[in-house]
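The chains carry the letters A, B, C, D, E, F and G, assigned in the order they are written, with residues numbered from 1 in each.
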């Protein structure tokens, strides 16, 4: 009720110093299917849940290659995300044409964020409705960034966005201390595990998720379904074996996790931007 | 009632992170007369229901040739669709003039989607009110895409859009596993069957539908009425023969199908965009 | 009452996927005085009811010559129609100057429709308030198109637009099967008869209608009043003779026609665009 | 009450297909002091009522010379009329400079109408608030046009616009059949009589009206007051002599005229545009 | 109450064909301190009441020299008036530079009026809030014009605008028949008398009024205070002598004058523009 | 209540011919800390009250040097004032570069006022929220102007603007007759006394006020704190000595002054612009 | 309630002469995590509280290097701050390229403020939602400025902005008299102490704050965590030793401080801009 005056125009401040239209755009990210990212010192893995509109369609592409050393996973308005990833691709091409070296990841992320900021300060535009996990490897190492509709960006060790991402975040927080020195394959496994967390009871199959890798000596590419399925099969077996032990351990862990989860879901209400 | 604030301007986000004006534009696609598409490895068939305004008029053209290797079927605002197909035609001409090779289908589809996305982010425009089934054959094979007013696109094995398209989708879902290896003529037959599903009791005649084919060694063209009528006649006879057997089989299938149908018709309410 | 939110701006979609402002503009066509068109294989006739503002004024011109092979009859906002016909004239001149051949009718009609579509997608414009019956003869034969404010166009064998056009449409539907092979003079006679249907009891005189012809070997021109009056006189006499016979025939036909008529008048309420 | 949604913006259609802002602008013409025009085969006379703001001021100029062969009388917003007549003057100059012949009247009138139409289709403008009686003589003879704020124009034998113009129109309708072959001086007399009709009991004096003539061998010019007064004096005497006879004749004529008059005043309510 | 829909936007017509925003701007002229003008055949006098904001400030300049042969007195928004007089000055300079002769007064007045008209037809502007009395002498003699925010202009023998201008107008109307042949000094005296009328009981002093003259052989200039005071002193003495006689004469005149005055003050209500 | 329609847009006139948005902007000047100015024949002094946001900050600069011969003191929105003083600086530089002589003060003031006027006539801008006291010395002598958000300017002998400026104005009005022939140092003293009047009981210290001088042979400069403090100390001592005598004299003067003050504070309500 | 008319558009003045949208933007600064700055004669220290979105992310960067001699700390909308700091960086580069000397700090601050002012005077923009503490060293010494969304800037000895900044301000006010001659390390310590004040009971760790230094012979750089932690450890020990003594002293000091604090928090309500 009390919002009826300040929340329809992106250039209007509320009396409390908030830009509601930007916050609403961030809500769109939470509605998109989940995307996750995590990194070791040498590799970055992006993953997302495939959501097909129907049996007849292929799933919508949510992970895009930007350059050999950069890729992006999106959650939210796919069309906005696609247009932004095209922008990133152009920037990479122009940079490497001019400087004959790959565009540093951090630099690209800032440009992307600046572009998003413009959409929050013009009355005839709207903020983008998409969050982007940017994975890249450059001279300064492996990077994982999250670009937000508000024009902010954050560097992460591991992160998850989109619907039911809280469960994946909880998983990643429990494990992220090991990531830095993980092998490439362990990282992929962790990515798959995190994706499984967002599925809420559905079985993880190679057809319902996409996983991409970029790392030292390995240009950004999406893993083929076969490889993914093999890895899933591998750890499902291990998982079952570990099941009884883990179940016990989980019982102890669950209450706390449950609390964290609830806290997380509360966080998913319309909250002020992080500023 | 509760929508009275966020749904009149395409650049306004709702508190739940939705763009109502884009969703409303997608409603226009559902109001248009049905269009269907399906493909084998080598051929793509587009079909649509002809709706004549009166006895005096020819039916409105809903299938357009874009290039020798690409065609499009639309549902929704015909004028918007025509303007977009003209845009596609120009892109094809420019590409083949510059590169002396046909424009890859996927590339055209992305350009079209990007163009649609722009209309969802400018306050002085409106989203297009048309859905497009793009059929094309290029070096990577046969493709069928659906381009949506939201700026999204999806690749399909087979798809149906427009009013009463749910029945056609149900038909296509039941059969699509055979399509990949279907002969051209079987595909056309399936297209006609799917179209018949959207007619709700009306008889299928060559005058009430249009069917177009593009395939290996066969540039995009609309089948002439005579050919279509022959095919209809052919399977109507077969259909009647198969009628009693199928009826029994259908009885068993129906309940599930009915449920699917209801689920489908629920989907046809104003629902959030697929993001 | 329930429309108070979505129907004042042409770039605003209603929740049901309609553009009310476009539909309202189509209403303006229905308010204009009637215009009719019909064609054989070689000739196209345009006709309209002359409406003079007062005894003192000549009637307003509603039929315009576009080129030797193309003419147009309008219903709705005359000023909008005049500006559009000027546009058509320019297109014809430019085309024949460049290509040294007349502009194909279908091509002109598409350009006109595309121009109309633009007015339905810019917030600072309004849709045109005029419907145009475009008559033209080119290499592909005789054509009659109807261009609508929505940016749609339709090809017709015969059509009538404007106020009380339903009666004329009913007449044309009863007779159109003979048109294709009609002689030029029979076509003109049918045009006059159709015009008479829209007059509701008023007597048809050469001063209250305008008739134009374009055909093989006959550039687009408006018939002079004398010629028209002679033709009227001719068939009025015949008409009276046929009167008693027809009256009987009509009695049988009427009930059905009346139903059609009612259906027709219902159609004239604000209805969704044909899409 | 029921108009509160569609009548403040010129680019907004009402559900009944009307543009209220254009109709309101036409209302402004009705509020202006009266202007009349009439023509024979060789001469056109324009006349208007002079309205002085105070004893101290000269009356406002309402008749403008456009070129030697064209003049204009306005009713409504004088400033709008002046700007439009300046536009007409420029068009005439440019034309005669380029083609070394006077601009045909009909052509100028169309250009003027097209200019007015633009003001009815842009959201940041308003329709002109002025009606123009354009009198001109060219190779095709003597012409009298009325240009309306809606972008329409009409050719008239004789016409009157502005406040209380209905009485003048009634006079002109009674007499116009003689005009074609009237002598120049009879036309001027009829103009004066028509102006007198709009004065409602006030005495006609050369100071309260302006009369202009354009004709064969007589470039457009405003008659000097002396000449006008002589003509008034002349027919006033005749008028008085004819008075008793006419009075009797009028008694019979009046009832019908009164009815016509009432019908006329009803017409002056806000009515849909003539389309 | 009933105005709440049509009077906030200058491009919006009211149903009665009025532009309220233009009328409101004319109200601003009535709020400004009074300005008067009058002319003989050879001289034009402009005068205004000086209104100082405080003891500390000089009074605001309300009479501006435009060129040697043209000057202007304003009432209303001084800033608007100043900007317009600068425009006039530029026009005069450009004209005399190009044609080596002074810009005719009437021509300048039309340009000024056209400029004002533009402000009444663009949604992103507002009508000027100032009235200008333009005094000028050219080959066609002495001229006094009044330019109004509506884009209209009027030629006057004598006129007064601004607050309490009705009393001055009454004075001028009583006397204007003598002005044409008045000597320069008599005109100045009449100007001072007219200014005194607007003061309502305050004593006329050279410090509370400004008087400017332009005439044959006398370029536009503002009279110095000393000269003005001498003239005031002169007629004050005469005035007192004539007092008793005039008082008697006035007693008879007053009732009528009072009525005129009331009528005048009624005129000062918000009335439709003169069109 | 009654203002709810005409006071949110700067291009909207109220029915009484007022521009409320301009008046509201003038309100901002009254909210700023006080600024005063006064002049003799050869010197102009500007002064203002220093308002520091906190102990930690320097006070905000409210007096700006424009050129050697011009300076400005502001009250109201500092940011607007700063931008305008930068504009003035540029104008001075350009002028002296082109003409090799200093820009006359009056000319600069007019340019500044014209710039302010533009902001009152464009819908996408807002009137400046700052008042400027412009002090300058040129060939025509010493000048003090006040530029107002409305686009008006006034020349003053002495003036005070901003919050509690009424007390300073009262002081200046009591004394201004001596200013013309005052010595530079007496002027500065009067400036300090006037500033003290606006402090309402606070003690005047060199740290709470800024004083600037421009005069014959003395380019515009701000006095250093030490000098100011010495002058304050000097007259404080004298003031105390004169205290008893003055107190008696003031007692008589006070009542009237108090009345003036009340009148003054009434003046500070939202009042129509001076026009 | 009473604000519902003037506070949604940045170009709209309230009747009291306030720009609410600018004030609301200043509210955004108060919501951001705290930033502090302080300076001696030779060094300037910037500090801020690190706020990480989650365990997984690095904290958001709030201190930016602009040039070797200039840096900036922000509070409020990070995206706005980043875009502005990029602007500053460009200005520095351009200046040093052109003049081969570093851009003076005060000059940059004014440019930044002017840029901010523009956003408060255009209807299609919004005021920036960020406050910037600009630290710089140039020929005129060490400077600390605060740039505000209103387009104002202030020079400070020491300052704190953002949430809970009042406690830091209170600390800085108690100590700032010593800062001018403080050693670099004492300044850093004071910065850390001030930051601790804003943490409200949380422990100060090197990971939860960022400190940057620029000074004579020391280009702008952010201190590494190790150094910061050592300094924290150092004074924590001292702090504990001094604890008992200080506690006693604080007890006396607290009441007053508490009052100041309350006053401070009152100040944090929506208050008029400092003008």
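By definition in this document, a contact is a pair of C-beta atoms (placed from the backbone, for glycine too) under 8 Å apart; a residue touches a chain by one contact, two chains touch by 3 or more.
The shown structure was predicted, so the numbers you read here are calculated from the model rather than taken from an experiment.
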Cα-centroid distance, chain A relative to chain B, in whole angstrom: 32
Chain centre separation (chain B, chain F; CA means) in Å: 72
Separation of chain E from chain G, taking each centre as the mean of its C-alpha atoms, in whole Å: 58
Chain B: positions in contact with at least two other chains: 9-10, 123-124
Topology of the chain contact graph, where touching chains are joined (line, ring, star, complete, other): ring
Round-the-ring chain order [start: chain C; next: chain D]: C, D, E, F, G, A, B
Touch list for chain D against partner chain E, complex: 3-4, 7-10, 20-21, 24-33, 51, 53-58, 60, 76-80, 82-83, 86, 119, 123-127, 129, 270
Interface residues, chain D side, partner chain C - complex: 5-6, 9-19, 110, 113-114, 116-117, 120-124, 146, 150-152, 154-159, 169, 172-173, 176, 272-275
